[in-house]
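Note that the chains are named A, B and C in the order they appear, and that numbering of residues resets to 1 at the start of each chain.
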Amino acid sequence: MLDIFVSIIVAGLTTGALYALATVGLSLVWGSMGMLNMAHAAMLTLGGYVAFTASTSLGLPIGLGFLAAIVAGAVAGGLLYVLIVSNLLRHDKSTFESNVMIATVGIGIALENAILLTYGGQPLKQPLSVSGALVIGPVTLPYQNILIVAVVLVLMAIVALLLGKTRMGRAIRATAQNRDAAQLLGVAVNRVYFQVLVLSGALAGVCGVMVSSMTQLSPPLGNDPMLKAFIMCVVAGLGNLPGAITAAFGLALLEAFVQFVAGARWGFPSLLFVVIAVLIWRPSGLFGRAQIRRM
Amino acid sequence: MSVAAKPPVLSLTNVVSGYKELQVLKGISFDVGAGEFVTVVGPNGHGKTTLLRTISGLVPLRGGAIRVNGQLVSAKPHAIAALGVAHVPQGDLLFPEMSVLENLLMGAYLAPNRAEIDRRLDEVFTLLPKLSERRHQIASSLSGGERRMVGIGRGLMMGGQILLIDEPSLGLAPLIIEQIYGVIAELSRSGRTILLVEENPARVADLADKLHLLDDGAIVWSGPPADLLARDELLATYLGG
Amino acid sequence: MTKLSTGKGISGSAKLDAVIALVLIAAAVTLPFMVESRYILGQIVLALFYATIASQWNLLFGFSGIFSLAQMAIFAFGGYATAMICFYFGLNVWAALVPGAIAAMVFSLVVGLACLRLTGVYVALLTLAIAQAMYLLIVTDTECFVMVGSICRQFTGGAVGFARFGDLGMRTLLKGQWLVGNYAIIATLFTVTMIFTYVVVKSPIGLAFRALKDDPAYAIARGVNRFQAQLLVFGISAFFTGLAGGFYAAHFQAIGPGVLSMSQLMFIIAITVVGGLGSFWGPLVGTIVLVLADELMREAGEFRTLGLGIIIALSIVLMPKGLVGRIGDLVRFLRRRSPRSAMGPQENAALTAK
């Protein structure tokens, strides 16, 4: 009984950590610029594959593989801003929200397909993973899971420090809370948008490495975490970072539990049910403030 | 002060602006010299807020010219802020989830170094001691008067050449309005350049050096505030009193 | 500033719309006599399905501003409902089509109710999640519901879907020319859908939708009931989408979870965006352009999806009002150059500025 319980908790915490990482990237972008990045999934996948190439074909050490994934994600985020977002921001502001969503859907498909064409569709093993497990009595804790939770916690701490303590982070939060005021104080919001997309891309890169180390590398790798991350964001209220992290862990535990009790196929529908219930009860999310709509 | 040789801090020439099809400002011209306190008075909906938002770049300029220290302004709001235009917007526009201190620090976003930030912070806390008490409180939990003070404090933290203040009395109780204007008077006395818009000319009668009456996007009268208050026909026509 | 004028420029005058419609109908009637290739005719039928779905998504998003991503789910629901009625009750396809469409409508109303208090991207996320859940539940369905011969069949058809539950009857009626018969049926479906859409868009309800999209606060202040209008548009568009789903299942004599895939949804979005969101003829223009592009890219084989993604992204960046909007810009440009041009607000502003 205990071992089952522990394995549910371990699975829930690990996926929760992954979801939290995916969710923070999405939520950051939504919160500061009102943009829902549908290409986030493909950026995740990109990170996983770049780490794969770095450590197999190029034979780089694991740390550099990680770094390569981060850089690739950041570059993808930067390019997304320069090529797409900056142009859409020049159009009518009222259509930005839907336009950017559609445009990033297109970019996401293109990127996923480019990965498919480059690497092929067959699943690959992510070399950036550790084997073995920590055994304490009846409880088995795989090192990979411990590593994931640890890395995610470290990254969350870095993001929290970045947003809370640095001048750049303060400018990002200011832009999210009141764009006009931030501009009046000298914040170049376009630069903030660029920074946010780069940061979110870097997080997506790491997340991709983590997700693929738990499963396998395949072109649609990022889709499932992104869809779940959307749900976490909606439950928490889009743009609310601490809420998103709480929702990510809470819902992941719920999913792991439902999957164990009712079978794997009911995991996702149960999350959906929670979302609908939350949204009917509180349309701007559990922790959402009455959302300021960006016009 | 030897202002004569220098160009005015702020100079508007035939400024035209508006939103979409709507033309709000229809050719506004006036100057604000260093150390001056200039007020624009007019009924609501006649372009006072648009005037300040155009100067600070939030509303794009459609015609005419705006100069800060003689330098032509034609850029985005953040670049105009860097020229030394400190705008205290209508409704404060604080960052609701930041503390008072963080709001003030955001004001010093463009400050060159830590020492300068500390100097400005000292200055603001001396002028507005209440903010020092509440420095760790979240902005959204403040009262209306306190928020206005944070708004003004944040504007001061910019260390700008000119302070644009948009209706500081809006939505406040009479007693608080008096306090806020006390602070503004203090600022003016200390030699700051101020451009303030207000609905009620009586509030600025003792403060402002110059007053412009704005009606339907154009300036219809200019002069010392006391002169306007003495002319009942103007007050009746334009301000309904 | 020209939010509505695109629509006015091209489809504003009913006369122009009528002329376009007549030309199109004439072309549609002569088409089977011109096209010899079965492959091409088959692709045209498929294109008509895309155009029908896209026109209803345009009604939902382009005209009413409801960013639903459950469009293919509703289409699939209609298709599945029709197929399942035929499969489990042995009904003729023709008898199952309207019940199938009504089932899709009911499904859409439930989705609409769940989205009632939401706006913008929240609607998009929720509908996307619903569609995805539907896909996952069908694909992972392995429980035997009935045995067909020695083969186990799941209630939802599982990963395989349904096949051989009947067709539109053209094979027995027209023998070798059955495809022409199906073409006629689907072309009629498309025409009826477009006429109905036109009536809806031009009706007071349509105006209410448009008001809600352009300025929700103002529309509500003027007495437009958002909940009612939103549910109504969810229902109307779902009926035709579901009906198209039923015809799709009947035409191909098969329906499977593949129609729920992300790429299908993307194709519909691409069609509407490239054609022009919120313009009446947009989805048709988009369908023609994208199906042709798709055929050309078939030569490029595996680069097809890549190309499609780039087309979506580029067209929204370069022409946010779509091809129809671009044509509208061109028409206005030409008119402006004629001496009797009416002066737009932009020129007025420019003059005052001088």
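Simple rule for what comes next: a contact is a pair of C-beta atoms (placed from the backbone, for glycine too) under 8 Å apart; a residue touches a chain by one contact, two chains touch by 3 or more.
These numbers come from a predicted model, not from an experiment.
*Asks:* What's the chain with its C-alpha centre farthest out from chain A?
*Replies:* Relative to chain A, the chain with the farthest C-alpha centre is B.
*Asks:* Taking each chain's centre as the average of its Cα atoms, which chain lies closest to the overall Cα centroid?
*Replies:* Centroid comparison flags A as closest.
*Asks:* Give, as an integer number of Å, the spacing between the C-alpha centres of chain B and chain A.
*Replies:* 42
*Asks:* Compute the distance, rounded to whole Å, between the mean C-alpha positions of chain A and chain C.
*Replies:* That pair's centroid distance is 31 Å.
*Asks:* Where the centres are mean C-alpha positions, what is the separation of chain B from chain C, in Å?
*Replies:* 52
*Asks:* Would you mind writing out the residues of chain C in touch with chain A in their complex?
*Replies:* Counting only chain C, the residues touching chain A are 3, 61, 67, 114, 117-122, 124-126, 128-130, 132-133, 136-137, 140-141, 262-263, 266, 269-270, 273, 302-303, 305-306, 308-314, 316-317, 320.
*Asks:* What does chain A use to touch chain B in their complex?
*Replies:* Within the complex, chain A contacts chain B at residues 167, 170-171, 173-174, 177-178, 180-189, 289.
*Asks:* Across the complex, what residues on chain A touch chain C?
*Replies:* For this pair, the touching residues of chain A are 30, 36, 83-84, 87-88, 91-92, 95, 97-99, 101-114, 117, 223, 227, 230-231, 233-234, 238, 264-265, 268-269, 272, 275-276, 279-280, 283, 293.
*Asks:* Quick check: in the complex, which residue numbers of chain B touch chain A?
*Replies:* 56-58, 76-79, 81-82, 87, 89, 93-98, 102, 105-107, 109-110, 154, 158
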